[in-house]
Structures are given as structure tokens and as C-alpha cells.
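Just dropping this structure here.
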Amino acid sequence: MRDIAPKIRIRISMNTSIIALLHGPDKPGIVAGVAGWILENGGSILHADQHHDGQQGVFFQRVEWVHADGSDPDDRAKSFYEMAVKMGMKIKTALSSDRPKVAIMVSKAGHAFHELVQNWQAGDLPCDISVVLGNHRDLESVATSHGLPFVFTPIAKETKAATEKQQIEIFREYGVQLVVMARYMQVLSDSFLDHCGAPVINIHHSFLPAFAGARPYHQAYERGVKIIGATAHYATAVLDDGPIIHQDVRPVSHRKSVLDLMRLGRDLEKLVLAEAVRLHLENRILVYGNKTVVFD
Amino acid sequence: MRDIAPKIRIRISMNTSIIALLHGPDKPGIVAGVAGWILENGGSILHADQHHDGQQGVFFQRVEWVHADGSDPDDRAKSFYEMAVKMGMKIKTALSSDRPKVAIMVSKAGHAFHELVQNWQAGDLPCDISVVLGNHRDLESVATSHGLPFVFTPIAKETKAATEKQQIEIFREYGVQLVVMARYMQVLSDSFLDHCGAPVINIHHSFLPAFAGARPYHQAYERGVKIIGATAHYATAVLDDGPIIHQDVRPVSHRKSVLDLMRLGRDLEKLVLAEAVRLHLENRILVYGNKTVVFD
Amino acid sequence: MRDIAPKIRIRISMNTSIIALLHGPDKPGIVAGVAGWILENGGSILHADQHHDGQQGVFFQRVEWVHADGSDPDDRAKSFYEMAVKMGMKIKTALSSDRPKVAIMVSKAGHAFHELVQNWQAGDLPCDISVVLGNHRDLESVATSHGLPFVFTPIAKETKAATEKQQIEIFREYGVQLVVMARYMQVLSDSFLDHCGAPVINIHHSFLPAFAGARPYHQAYERGVKIIGATAHYATAVLDDGPIIHQDVRPVSHRKSVLDLMRLGRDLEKLVLAEAVRLHLENRILVYGNKTVVFD
Amino acid sequence: MRDIAPKIRIRISMNTSIIALLHGPDKPGIVAGVAGWILENGGSILHADQHHDGQQGVFFQRVEWVHADGSDPDDRAKSFYEMAVKMGMKIKTALSSDRPKVAIMVSKAGHAFHELVQNWQAGDLPCDISVVLGNHRDLESVATSHGLPFVFTPIAKETKAATEKQQIEIFREYGVQLVVMARYMQVLSDSFLDHCGAPVINIHHSFLPAFAGARPYHQAYERGVKIIGATAHYATAVLDDGPIIHQDVRPVSHRKSVLDLMRLGRDLEKLVLAEAVRLHLENRILVYGNKTVVFD
């Protein structure tokens, strides 16, 4: 597997940087407190981006910084974490060297899966793709040709609960930190979402909230829309209603059949999903309520 | 009013051209029949565009041609009409010199109205704007400064039926052939749509079918979408459900407040509405079922 | 003129906010220094956005904050200015209540001028339009109908230098702080740009650097491009080569004639120019070298 | 190789259709002549699209039809060809069942190559990928894993002429009808283009004519553009100046480094190239002068 390992993009700073995602009640002094802490601890800010939701009185920040003094970034991240908690903020920290373990769930269609794998191999997705789960075997040989373990987890009505349990077992076994549904054509149960132990990113082949549910391209064709879209979102208990991460669209005309829409939509789906996964892996997304703040 | 009369765009051919919009059951020989008739009658095709709906077995065509022999285009159009009816087609004909009478309905917001007036003055909308109806007086002085009659038709709950009758009277009086709702903030009754005697084009400030109904930017903000849109459609008895003519969108981020979305949306609304009106006036739209064929 | 005065958008905070645009050599402690100063002086940050150009080692920041203690924002802005200069930064400060005086230069085409005036009347452009200069009289009556002084400054080859001097005189007289070329069809001389005393924003009707110079739609048509564009930039001595502020594009096909491209391009031009002017007036643009940092 | 053969998309008509691309001097009766011939010969038109270049007086048409009488489509296409030649038209005919032989030229970067192969495997590119030529071996194992012959044709300054001869030999050997440069990083000599015996489609990683030549993303970064693009065109003797087939763009900001532009551009490049190849293979492109008519 060595020779297919993704190339790491060269960074200007060779030091590991620390990324923190904070949010909490908006109040004076947060920006100064964060920047002051980093300065006092000998760090240099690489990026800092904040957002204030004026309506809800919530403050959001993504800050990335580096310590050039050879200190252990894990230790520094922990100290920062404690400081931020004392300020009353909810916080997540990560290191630029982290490579979260990702499981990809697939059915028959390969376009979204291929896109993820190629982005990963190009070094654009900082993660390890640990395992691929399919309820069909169509993509097994592709997965294994890339050195990726493939587990066949067929779903039938009566076995769904059992299969979902098995899938969650596999996630545990591999230490999965993110689940990506790459055109996985099964509705996940509430129980699955409660117990899978990792956020789940899904791609819906419409411009949500238009055309939620099944066969969105057929719905779009019937309604005669002049634009089609795709939506990547975190999966939640309410189908196709989770926090939206990324969307994109393209114009269509009356000349396009349902088959055309499906073909054109494939490009949207794969790009929108890959972008959402990248944003998640680069720790650029904060979820609050049913919405996202995306620091891109 | 002379000096504000719209400039007529110079055409390559100085002759009046005839435009026909046909549709009917798909069968061999329609294209040949139409083109053959034009050739035999000494005409030259300028544009011809057709569409086959394979699922429904329907044929659609827009054809534009010119007779260089000095014959009366009205007579020619009538003969063509009869030929097409014999072929079993539904047909509408128009002349390039036609200037349909248009009524614009407004409330307080002026952006869509301004856009229509300026497009019209630039010669891009081949029509006469005959009258402007407002349920508020905000745009009265603008209308009259352009030499356009403005009628104040205020709406209250108890007077709505009476006012709609009055509005329809005004349309009759001016011989109105197209009604454009330029951010007119009233729901039209079924009775109005049945009796107003002209197609009605409306602009909805969302990417329909997402966010139909009231306050779509608030809905979009709440849902956290990453793209907003606008939709021009023919008004029908079912609110925001008529045949879609044109749509456009633009990306937004979490940084945008509801007020920002409303500001950004104004550009979408005005451009999408003006484009839809242009397409209608240039006889480029065929409605069938709840959809449109747009020959652009 | 009272009743046509632009409505001021309601802000959540009724206090005047201070906006600072800083840039200078990147070094640790700038973010902390700025945020610390604001905190110590009793201010609350509304927005803060920074950028590091890693290649050039330059730091850029836009920060907007408010003092709720009733202190004079002008005094506060001055103190901040001095602090930032001590940190080695170049800095510009402004107040949210500022309304810079703007001159608009026009020729015959009205679309860009109309767009600016309507955005201004809708309260989206925080400025005073002080004067309109035209080398043709076509837009004089429109300008005066909006209560805007119009000065006719015709240009002939032999009088160009004299007219430019006159134009600069007018800018001085009105205290003009920004000049906007709204499809003003004259090349400005180097001398004009050196002496006009204000930044000049221009709109070029192509996707620069493609099709610089004259008749860009003709050039685009000849080259057979599938997308047309418009570019707003600061005017510099090198024609069509100044720092780009904003660009937008739209797809076209072989069906479009040069006249069609010109018509379609008008929408691009007016929207791109109005957006660039808004970004400038909201103090969102930092120019460095021949490029811009746009904090949107 | 059987099991990786692309799936053929199901068509409504199971009969092979004939596609004709015509162009020539515009004159009355062409549409009628073409449609009449098809009707008289028992054919049914599936699609017909025409274009008149008013400036140059040229008529262009793409027409697709089917004979349901079991006649040999090759014979029918030949008869039609003769008829069209008699009408003074230049004509190319093809059958919907044709699968032209395609050679793909690659260097190191795989994204455009992957996209083509996956589109082909999904049945969206009606062709046989006969051979892959690389001046590096990076993509050899990928090609062979898809069952595609890979020929290593390294290029050094002194061997370029010899290698190009070898490449043309390979095209002859495989009967290549279309050459696709999938990010092949070599400038083709005039001699190569004269003798390669097939049209060559190239993808340039900029919005041509902006940033022709080498390192376009570096050029775009230096110029500070707010939009990047990609352009697919037919290769001609003048570098990056051939007829443009398809273009697409996406917005960027000052935050994007050259590396970011390269990453973002990869998606544009692969999609734009795949679309151009599809348009070519579906016989939708007519080249005239240095431009294209694309019947999409």
C-alpha cells in the first residue's frame, strides 16, 4: 500500500499547526483573549476567522496557529482548550498533522466514490480512508485495487437492523471518525445515527429543500425547473433535513430528459460531496442548530 | 412622450418577420411540412427550433421567417395558421413588428419595475407599457416621470374583490395583453386569474419549489442554504406553482443576514423577471402542462 | 431633494462603528495588539477579518468595532490610528456614518448610471452622489430628475487636456472622494489620474485581462469564446491594467450576435460596477501592488 | 476486458439513428430540402437544429433521424450525403452506433484522464479508448488496470521529432480518429498536427484568451483575477489559439494561493475536457474559421 499513499501537500511552515473551532455566547474580549493567549505562549497566528450571529448572540471562531519553539503541539492544544473552556466557549481542537479515519458507504454508482478516492490520492483530503462498506458488490474491485478494505453489508428489509449493527461494529473496529455516504442508497435509521459514533456526511441529488426524498431528478423534471442542484449535509434523524454544508447548481433546459438530468447531476454530486468532506477534514465547519458556519 | 419612446433595435432584415409557435402530436413530416410551406410561399427561414418530448409524444416548434416579396405579413401569417391547423397543430402567430400592450403591477419596492422600464427604454422589450397599477403610491412619481399612466388601486381585505374587478376593468380599457407582477405583494384570486384576459408573469424571490409562500428569504436564512435564487413563472390558481419560465441563483454564506439576502436577492429578482418578460414578448415560450418550452 | 434622500439601513447597533483597514509586515502580535487595544478601550468588535500573504510576508486586516460608552468615535479612531502606526502598519480609518462624496462620469449609455443611482436610493451605497459629469448630454435630464447636478464636459481631441483640467476643478469644488466611470467612453490621461485627487473605479466590458482595449464584445465574438464577462478595477496609468476589484461572467453560445453580447453584457457591467463601488464605500478593499484584498 | 466494457445507454428508439452535420452558403430551401428528403425516404427526425451566421451568410445544421423500415443506415447516410453535396453543402454523417477510436495523451497528472475513463465506463462517451500515450509512466498502471494499452513515449528536446513520428505511427496502427490531450504537458509541433490524421482536443487551464502559454495559474495569481477558468479547444498550429469548444469558470478570492488555484482548477479542467470530448463524439460540433458552432 505504500506506493499509493497520498502525497502530503507541502506547507510553507514545516511545523504542525493547531486549529481550534470555538463557539459560545458573544461577549467582549474573546478575540483579544484568544489572540493574547497565542502571543503569550509564543505562537504565531496563520489564519483567524470569526463570525457573530447578531440575532442569536453567538460568537464563532476558527483560528490556526503554530508554535516555532519546538513545544509539543498536543500539549499546547490542551492548554488552549482549557483556557477556552474557562472563557465559557465550546471548543474543538485539531492538529494539521491529524489524519482522521474515514469510512465510505457505497451502493452501485461509483462517481462520488471515485472522486473521493482521487482527491485523497492527490493529497487534497487529509485523512485515512480506513474502510469501504457496500450494500452491493459493484465497487468492491475498485476499492481493493486502491488497497482499501471493502466489506459487503447487504441490506434487506428484515435484516436492516442487524446490518446496521454490523456496520457500527466495523466503524468501531476501524476507529472511524467520519462516515461519508457516497451515493449510498439506503435511509439510515435513527438508531444508526445515534450509535454510529461519528458524524455522517450525505450527498442529496437536489437543491435542498427542494425535492427532498426519493427520485429528486424525476421530481425536478416533472416540475420543469430550469436549474438542478446537489446538496451535501450532515445526516440527521429527519431525512434530508440536516445542516447544509455545501450546494451547487447548474442550468438545464426543456431539452434535458430525466436521464440527462441524472448524468449532469453526477458531476454536481461528486464535486459537492468532495468539497464538503474536505471542509470537514480541514476543520472548517461549525454546526449550530440546524445550520453550519463554514470558514472557507 | 415622444422623446422617451424606446429606440427600435436595428435588424439585419428591414422586413417584418413572422413568428409561429406550434405544438401538437409528434408525427413524421411536420418539419418538412412547415419548411416546405415557407419555401413554396417565397419565404426565407431566419430561425427554426424544435423540440420533441419523447415521453409524451409532443412536438414543439418555433419558426421565424420573412417574405421578401412585399406581401402583407398578416395575410401570410393567416395562411400559415390555417395550414398548421390542418396539420393538427395548435398554433400562435405573431409579427416582429407587434408591440403587445403590457400592464405592470407594483407595490412599494421599485427595483423590478425600474429594470423593466429601463430595458424597455433601451429597446430590449418589444412592447408598449400601457399602464402601471399600484396598491401603494410609492412608484407613482417614477411611473409618471416616464410618461406612464399610474392607477392607484389600494387593497384592503374587505375591498379586495372589488379592487380586482377594477383592475380587470383597467386591463380591458387599455387592451392589455400581458400582466407583469413586478414585486406586487398581493396574492391574486382565482377569479382574477380567470377573468383578467391575459397571461400573468410573476417573480418569486426564491428558487422554487423551495420556499414557496411568504417571506422566502427568512425561510432560506432559517434553513441555512448556501445558495439563494429567484423564479419567474406564469401565475396560476395554485400559489407559486405555475409553469417556470426562468430561474437564477447566487451563492451566499453564513455571513449574510436576512437583510443581506434581501439585498442580494433584488438583483436576481429584477434580472430574472426582465428576462422572462423578454422571452414572452419575443414569443419564445410554449406552455404545456405545468411546464414551459423556452426557445432561447 | 429631501424626499429623494436615500434611506439609511437600520443597523442592530445604533452607535457609529469604526472601521480600520491595516496592512504591513507580518509579525506576531498584530491580531492580539489590535484586539487588545479595542478591549482595553471599552470597544466591542463587530467584524474582524485578516489575511496573510505568505509569499510576500504581508499582513492585512479589516476590523470594525463600536464603543458603547458615548465617546466620540472620531477621537477613538484617531487614537487607534496612532497605535497602529506605532505597530508599523499602514492604516486607514472610517466611520460607519461617513458618506463620501462621489462623482460619476458618464457618456451616452445609461444602464450603469441607473444602477448606481437606484442602489444609492435604496440605501445600499453609503455615499453622497455629489455631481455627474458627462461628455454627452444624454443622461442630463435623468441626473437632474434625481436632483443630481450634471456638468456637461464635452471632449474633443484638441480640448482633452483642458477638459480634464476642468473636470479636476469640479472634483475639487465638490470635495470628491471617489470617481466612478459608469461606462464613460474616454481614456483618462496619466495626468488626470495623477491629479484628480481621488481613486477612480472603472468598469471594463470583458473578463480582463482578456480583451483589454477597445470593442471587447467584438473581440470576444471574433474569438468565439463561450463565456463573456465584465471587470471592475481601479484605473491606473496602464489602460485596463489596474487592480481588479470584482468580476463576473455568463455563458454565451454561437447563437449570440455582437449585438446580443452587448445586450447581455450590460447586465454584467452594471452589477459588477455597483458591487465594486459598494465594496469600496464599505471600506472592504485594500490595494497592494497591482492586486486587491477584498474583505467581503 | 469484457466486464469493464462501458454500458450502452438505453435509447427510446432501438434503431440506429443517422446524424448529419451540414454547412454552406445560406439560401432558401435548405431546411425544406433536408426535411423533405428525410420524409420522402421514410425517416423520422429526432432532432434538428440550425444556425445562420448572418454576418458571413453561412448556414449550419445538425439533424438526427431514424428509418424504421429496416433499411441499412449506412446506405441511407450515403444517399443523404450525395443529396447534400448536390445542394452545395459540406457534410459529415455518422451513425449513433459508431464508436470512434480515441487516443489519450497524458503526462503525470491523472485527474483529466480519470474523468475521461470514468465517463467512458459510465457509457457517456460513445467511443473506444484504443490507446493511452504517456511521456511519463505515472499513469501506466492506472491505464492497464482498466485494460487500456499504454505506450511510453518519452520526450527529450533532441528526440521530440522522432517521438512525434512514433506517436503518429501508433495512431495509424490503432486507427485513431480522435486525439485527446488530457493535461499532456508538451507543445505539439506543426508537423505533428499536420500528420496525426485526426482532430486533437486540448484542455488549457485558463479562461482563454487570457493567460495563454505556460503556467496560467501563476499568471492568474499575479494578475489578481477574481475568477479562474479552463478552456477546451481544438489544437492548431498557433499555441492555445484553436477553435474554442467549451469553457467554464469559478470565482476565487485573494485568500487562494497558487497551489489553491491549481487544486480548484483541476475540477474545471477535467469537467470541461470531458464535456468537449462528449460534444465531439456526439457529433455536435461544427468548426468554421477559428470558431465552433456547438449544437447542445
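First chain written, first letter: the chains are A, B, C and D, and each begins at residue 1.
Definition applied: a contact is a pair of C-beta atoms (placed from the backbone, for glycine too) under 8 Å apart; a residue touches a chain by one contact, two chains touch by 3 or more.
Since the model is a prediction, treat every value here as computed from it, not as a measurement.
The greater number of contacting C-beta pairs, out of the two interfaces B-C and B-D, is seen for B-D.
Put simply, the chain farthest from chain A by mean CA position is B. Annotation: 42 Å between the Cα-based centres of chain A and chain B. A straight line joining the Cα centres of chain B and chain D is 37 Å long. Those residues of chain B in touch with two or more other chains are numbered 54. Under the stated contact rule, the graph of chain-to-chain touches is complete, every pair of chains being in contact. Chain A meets chain D in the complex at residues 9, 110-111, 114, 118, 122, 124, 145, 259, 263, 266-267, 271.
Within the complex, the chain A residues that touch chain B are 51, 54-55, 207-211, 223-227, 229, 243-249, 253-255, 257, 290-294, 296.
Of all the residues in chain C, the ones that touch chain A in their complex are 12, 28-29, 31-32, 35-36, 38-39, 43-50, 52, 54.
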